[in-house]
Amino acid sequence: MTRVNFKLQGFSQLKEGTLHDDFQKITIDEKQYNVDQLKFDNPITGTLYGTLLNYKGEYEQLKPEMNDKPYQKPPQAPILYIKPINTFSTHHNPIPLPEGEEQVQIGAALGLVVGQTATKVKAEDAYDYIKGYTIVNDVSLPISSYYRPAIKQKARDGFCPIGPWVVNQGEIRDPHNLAIRVSVNGEVKQENYTGNLIRPIPELVSEVTEFMTLYEGDVLLIGVPENQPLAKEGDQVSIEIEQVGRLNNRVVHEDDVFVSEVAVDEAR
Amino acid sequence: MTRVNFKLQGFSQLKEGTLHDDFQKITIDEKQYNVDQLKFDNPITGTLYGTLLNYKGEYEQLKPEMNDKPYQKPPQAPILYIKPINTFSTHHNPIPLPEGEEQVQIGAALGLVVGQTATKVKAEDAYDYIKGYTIVNDVSLPISSYYRPAIKQKARDGFCPIGPWVVNQGEIRDPHNLAIRVSVNGEVKQENYTGNLIRPIPELVSEVTEFMTLYEGDVLLIGVPENQPLAKEGDQVSIEIEQVGRLNNRVVHEDDVFVSEVAVDEAR
Amino acid sequence: MTRVNFKLQGFSQLKEGTLHDDFQKITIDEKQYNVDQLKFDNPITGTLYGTLLNYKGEYEQLKPEMNDKPYQKPPQAPILYIKPINTFSTHHNPIPLPEGEEQVQIGAALGLVVGQTATKVKAEDAYDYIKGYTIVNDVSLPISSYYRPAIKQKARDGFCPIGPWVVNQGEIRDPHNLAIRVSVNGEVKQENYTGNLIRPIPELVSEVTEFMTLYEGDVLLIGVPENQPLAKEGDQVSIEIEQVGRLNNRVVHEDDVFVSEVAVDEAR
Amino acid sequence: MTRVNFKLQGFSQLKEGTLHDDFQKITIDEKQYNVDQLKFDNPITGTLYGTLLNYKGEYEQLKPEMNDKPYQKPPQAPILYIKPINTFSTHHNPIPLPEGEEQVQIGAALGLVVGQTATKVKAEDAYDYIKGYTIVNDVSLPISSYYRPAIKQKARDGFCPIGPWVVNQGEIRDPHNLAIRVSVNGEVKQENYTGNLIRPIPELVSEVTEFMTLYEGDVLLIGVPENQPLAKEGDQVSIEIEQVGRLNNRVVHEDDVFVSEVAVDEAR
């Protein structure tokens, strides 16, 4: 049983509920629903910050390149980027494949949802500022270099499904002990876990809020693991994070996003 | 052909499109859709103000009561009320019938969507501050008296479907010449037209902005005509405003709102 | 020592601080300031709901009138109204006196700041949904009757100073035991206390959320006590609520609001 | 005479006015004020996007480096970054100099304020989507390399003064013919003009909206010219853009930002 907050499409109210049966049932106002009966809207309200190079494996892969020009040494601080609101999308909404592109790259990330204004937070207080956890698919076009600010690849309309819900912070005992699994058409393409971080969550929150304020409703991604899978038109993508849930989206040609059928949940 | 703005459920972008074939087809980005294929979200972003007693017929009906205590004369200025955001709902979203209630009252209203900050606007400039028109169903529980501020009856969750879209202001030559028709289960229950106003649109905008500022995205209802129809559980309600569109919603017990089927559009 | 949240003019960050010395000093990020050195912005972000007829004295005064037409009995539920955002103003911002008016009426109210989505809250859980307390001056033009929805009198631009800050909920042991005092030009004109409520805070929250959802950031006023003082051009108005603070504003002709000097705090 | 929109501190209303006498006088509601009498708040409401490498001079300076690793060729599309809302600040608000830093770098930019949802806009229609122009000081800590996403240097609290106002789009005949001038303590430190762009405004808007949607209220910077001046504690910085106005801010130690005097406008 997991307590969550969420928003349903067409309703202005943020609702509370309790998940059970492996995320397949939800109880809202003492009434039980199949999760698949409900249409979840994006549950977040603030700015979404991604974090680069925070998975150890990704870091090791890029280390040779980082010791080369122009940097000649690895970064000393978390490197952040922003997914603007035109990218925000929902559980079951299609991911638009742009005309002329073959594939998109899937970025499976645990999102920390900020609960109160956070400035210069000490690592030991970090969890006081996190109100919950969600799943974010930080979609991008395949990028050849991690250097150049990649807004054109990462900030396209619909390139950031979020949800389906926010799991309350107190529900997860150890957020560094969660398996992350990406499936494409039901086949597991990537596995990692949230313990593989260079900066664990408390240090990440502390280092980021050292130089910038996070506000209630903002989301900070802990990073995206190495070896991101690719997905092509028609593929059904599912990101599962243990204890948090599953976020499912189908890749659809950009001309078809408004009328694509709600995908049957075969990825589960 | 009518140019409109709208928001689709699950998408953060406000979109533009062109309606044709009696509101049954819409062209977006040069591609044509059946309107029924799309799921429209609430298209408005600001505060929604209702106007009491602006239809001549409603005013005549209440005149005897108004000359009685406690007022003893009719109001000299527009009387406004606010539908707060917990009431906002969408085309095809169910209207929740509260436990213990038999019926809801349908309030068919043309909404003026404000296009820029409006303070002390002269009547002759009023249309410069209106960017478009939408349909609002100002639902309430049946009210015995128009006097007492009726938040409990009018401000319930889901009691204000809006949409499906905003028709651009330039598309409607004479907004005082539009038929308003409410159908319940396909049968016309109320007919009126927007010419029956005590304060026509320019005067209404001028008198309201004389004492309060309207912001871009706010919506001002021109009023609700007399003889509001009632609807009970299971009823399919449709408000049609000529040149603007049709707003359809089914009345559902409040415990069933999250899982009611999208109603087939039989009211048309 | 009282922990508060607030916003300063020109800064986007909501800040935390600790008040001491009878609200005259504040410590922010380990640095101490005189409260008068700082320019406080409006600390709230949601919808502001007022409550009519919740002070016992006000109720007694109006009872004869309520037993008369058109109601013939007192209201059975809390009667709410909304102050729209055009009314929102700040500590030390001038209150505009409209051309042609002699006086404004001061409405001293304790505001309950909502901390999370509140639907059908039980009275015994009400404080879990309140994140803090603030002071609201619900200004209006003098109103002869409490019946007619009074937007024209109550919803004028600048007619709702709020602040200076939000006192954290845990800081106040008994919110029904606070003296409320309104001074005009340093002279006490009205005294009451928050224990005089018909519906105490838990019942009020419960009855309101029975029929409508309150969202985080919304503010619910507990009511305005009877015998509201009047203030004329040039008057310095101060509302003091014990343990919460003081909210000071000068009444200024509406043509002078943008350039009025920040009033010296002589009302204290 | 220039028509502008702006927001004053402490007021919720966006106002309109007319500037005259070299930006020293402003007429609001038929009343004239000295600009220095008013306290301007940040006039924008959406996301702020910066553009890298859009001034020809900056591009020429970096060309040798760009032909080196890791890119080996100049970028083919506009490179964008985002200034998040924690950075937003106002005319006359202090710029915080972080502890341990000697100087900040001044980024003088013309901001295009978006007037309606902009997706895949053609260059010839670009001005239809711009509602006005403002001045942005894109402050950063000095950056040694333009490659690494520079959120830590550019996204610090208070590092983005904006304003004082938005000049209506129709007021400026040729936005590519405006002198930009940065003064520090009254001495001109940088001069450039808006004609020196690699991508002129219509092409920039077209190329950006090709891959992402801009919303009403968003701001897109046209770029920052080469040879950005530095400023140290106590310096008074003024950015002047011809026909648009002057944006003035003093650099202050980060511990002093809340109580710094409003700087006398000696930079003019």
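Chains: A, B, C and D, in written order; residue numbering restarts at 1 for each.
The working rule: a residue touches a chain if its C-beta (ideal position, glycine included) is under 8 Å from a C-beta of that chain, and two chains touch if they have at least 3 such contacts.
Quick caveat, the model's predicted, so the values are computed rather than measured.
By the document's definition of touch, common neighbours of chain C and chain D comprise A, B. Between A-C and B-C, more contacting C-beta pairs join the chains of B-C. With each centre defined as the average position of its C-alpha atoms, the distance from chain A to chain B rounds to 37 Å. Chain B and chain C have Cα centroids lying 31 Å from one another.
Per-chain CA centroids place chain A at a distance of 40 Å from chain C.
Looking at chain A, residues 13, 29, 85-87, 119, 157, 213, 215 sit in touch with two or more other chains. Considering their complex, residues 5, 13-16, 29, 117, 119-120, 213, 215-216 of chain B touch chain D. Those residues of chain D lying in contact with chain A across their complex are 47, 49, 52, 65, 68-71, 75, 77-82, 84-87, 98, 119, 145, 147-149, 151-152, 155-157, 211-215. Chain D contributes residues 8-13, 28-29, 31, 33, 37-39, 41-42, 85-90, 92-93, 157-158, 255, 257-259 to its touches with chain C in the complex.
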